[in-house]
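Both of the next two complexes hold chain A, though its partner changes from chain B to chain C.
Let's look at the complex of A and B:
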């Protein structure tokens, strides 16, 4: 019975924790601008993140090493610096976007200006990572994040019309082809975000996973991310049904909220505020912790949410500095949706550095023993790494060409 | 580079020798189960009989800079003046495995006190930072 509860909780939290500012912004922009023709990158990205999350959980459960620890030990310090610096920079922008998302969610719920509540959002995130036990960090925002399934209900209430199969087909429209490809890269960056890998493998260590956790790991990775992607698809479809015909291009997160307000009225607007708050809050915790885990594990410092802050002092100092920097970025740059789109494209750019080591690590008998990748998993990993390289090359060109998608 | 079996627990001679790869970048953990850092470099000496023997583990930015480029090492040494660099004699190693266990407590090593310094000088001003129960060094605040 305990294993059923653990699996259920794992699946629920992964489902609820799937969305963040990046995936909401990219899905909304895609739906509002290009209709259903950008669902395919969400599906491809979800398959990739299922694979990556499963591997990082398996690595932690069998070797007792989180991904960052294994990166430093297996590839040495000079190599470890590459994914580390890429992670720190791209996630800085993403955390700023998540803080903005939390604030807009709070603003929609309270009627206050989002700039006014931005310090409150940063303090809430800090308070949670400062003292909340890992279980609470893992479960509370994710269970609240299940409210994002309201977007799936919106599809039932207001289904897309016309020839759906034709609408689903990938296409490169003549005039907006650069923006279309930019969104493909950003969606893949947002869906395959490496912070999930760092957070998940560290979480497995916080929860003291062992070989007995391998089944929970598989089910959480497949079902949690699988169900989670439904809410991202729900946002895309809702925006394509409500916003695209009205010529609204989802330039701000408040505009995205219209896609729920149309089918559900006032309740939809409140629901969107709650969804935005819960998803971005959960992601802000995960992103800030992922970076603190990455740095502390790589340098061999004490780390962990179950310890008092003074017992993992450098880990907590990194958290404080990182949240403060992201808060400043959010305050100065503003516009969380544009920040999230930019961060997602930036993450797409660094995907190869973060993901390529999986190919070697997951075949290393010193770490995985009898749980090394099979032929099929290796082929799938090679496909994901090639995809990461293609997405990175495209993302760099398109970031320059489109000036951040606009 | 191989180091002849001078490591505690290793057999004498090449058969029981450890590779530098076994310890480089390895997690250092003290007897009181505190993670104090990772091995950034290993210093060795040549004995009169020609044997190359590892003598100490290096931890800190200077050693790490040398891992990126040998040219960076003197530059970092000049800027930081060795302030954050630490050395641990190999005789302090109790066990080599996935984690390198040291014989002493965290307070016995300068590198182990870094965590405590941050706690005492920065985190103590923030409410809810907590007070660790054990460790004589920490009873100071």
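Let's look at the complex of A and C:
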């Protein structure tokens, strides 16, 4: 039973974390604009996030500390302020996008105006993080999120004309190369979201992982993120098949849904509403909890989803304030898809700050003892950190050059 | 106590550290940069929205999408078209006045369709679809047909 619960943690992080407003938007935009040629960043990002998630789970299981706790303890509060403030800001935009995604998902199922549904979505997210036990937060979105497999089935029902394997080789197009590179950065930002790492390691602490959980950790990191990656590739392929020939570049989430309606009819349209709701709802829970974990662990406050609100008052206060701010952002700015694209590029910008400390932490015998990184894992981590620096430098220039990739 | 506070102020301790101010400053600069529209970008985005609206109309009437899906989708398309007709001709990189005015007229007609889409059999949805398609195609051509491929 414990194994099943642990694997569900992985599935949750894949559906709610991997597949969220950011990854749906970036994959859809990529497929609708550039066909199959942007599958490779999804694959690269998936390999990177598998590595990062495995390391953060191993750190939590062996040291009994979540990633942000270890960050603050090992590098000091002054250093911790940089990743914390960057994370709080970028995740604010992302949470606003997730709330918008939940609302549009509900709207597509009911026919209501998504602006009207937005307060309901914020209240649903608030109710879950306020009172639901961590187990329910794991299980509910993960079961609903399985509907994202419909995008994988769509590849079989409606195969693309190009060869998917050939598309794995990076190839920058002659025209629109700035937008292409912007989408590469945004896909990597959406795929390697640090909040996933923060949430996963704190979730491992909530589930009281120990050394005995190490094998489960490896399994869930690979299976969970692999599942999310397949669905993201499915979205990209479906949009390249249905939207690109019509000149539709997936600038709104309703346009993305047409890529499932074309092969599956009304079932596909309803399925898309459900997928959008489930993935964005799961991600909204993760993002809001990840930020509350980060802040509470950084300041040394009581934290934990299993604790009553009064026992972790400041942790819960952060949750309330953060959801309220994200709701306001979503209401004022609107356009969840553009918010998600912007948040993904912003996350790409802060990746080095959040990921570089892994290199030191994962080789610290005080935390990892005999479970420190081996040579190969260190080499892979160095590659990911270099990638993060490249993506960050490029995303700043490309954000300005493309005006947000539009 | 006062002396301590004054000392801190003199030493600059009251100033929030750069590492805290840097991310918000960066975000403000990026948001400002990203909010500057150009004609090509706006025309290309609007074209996608209009062509998406035309496809949604077709899907609803072909039984591929539900009426609630269509209704909610058109609300989303409508909010993306807010103010576009008013600003299109004045954006940097806009074509000559006569051509720009022609595009604006097409966008206005298409916006009227998006605001009141025909999702049942009591009205001429095919005419609406043609309006959306022609406005979308014209904007796509005017934007230089960006979109890679």
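Assume the second predicted complex is superposed on the first by the 381 of 406 C-alpha atoms of A that agree within 3 Å, B and C clash if a C-alpha of one lies under 4 Å from a C-alpha of the other, contacts with A are read in each partner's own complex, and residues count from 1 in each chain.
In the analysis below, contacts are C-beta pairs under 8 Å (C-beta built on N, C-alpha and C of every residue); 3 or more make two chains touch, one makes a residue touch a chain.
These numbers were taken from a predicted model, which means no experiment stands behind them.
By the document's definition of touching, neither partner reaches A:202: not chain B, not chain C.
In the superposition on chain A, contact is made by A:299 with chain B only, not with chain C.
When both complexes are overlaid on chain A, the residue A:316 reaches chain B alone and has no touch with chain C. Contact with chain B, but none with chain C, is seen for A:77 once the two complexes are overlaid on the shared chain. Within the superposed three-chain model, A:179 lies in touch with chain C and out of touch with chain B [touch as defined at top]. Judged by the touch definition given at the top, the superposed model places A:25 against neither chain B nor chain C. When the two structures are aligned on the shared chain, A:273 is found in touch with chain C, with no touch to chain B. Look at A:142: by the touch rule set out above, it reaches neither chain B nor chain C. Between chain B and chain C, more residues of chain A are touched by C. Of the two partner chains, chain C is the only one that A:251 touches; chain B does not reach it. In the three-chain superposition model, chain A touches both chain B and chain C at residues 78, 81.
Chain A makes touch with chain B in their complex at residues 63-65, 69, 72-73, 76-78, 81, 130-131, 298-303, 308-314, 316-317, 320.
Across the interface of their complex, chain C is touched by residues 32-35, 37, 78, 81-82, 85-86, 89-90, 104, 107-115, 173, 175-176, 179-180, 243-244, 246-255, 257-258, 261-262, 265-266, 268-270, 273, 334-335, 342, 346, 349-350, 396, 399-400, 403-404, 406 of chain A. On the chain B side of its complex with chain A, the touching residues are 24-28, 34-38, 40, 64, 67-68, 98, 114-116, 118-119, 122-124, 126, 128-132, 138. Listed in rising order, the residues of chain C touching chain A in the complex are 17, 19-20, 22-24, 26-27, 30-31, 33-34, 36-38, 41, 44-45, 47-49, 51-52, 55-56, 59, 63-69, 71-73, 75-77, 79-80, 136-137, 140, 146-149.
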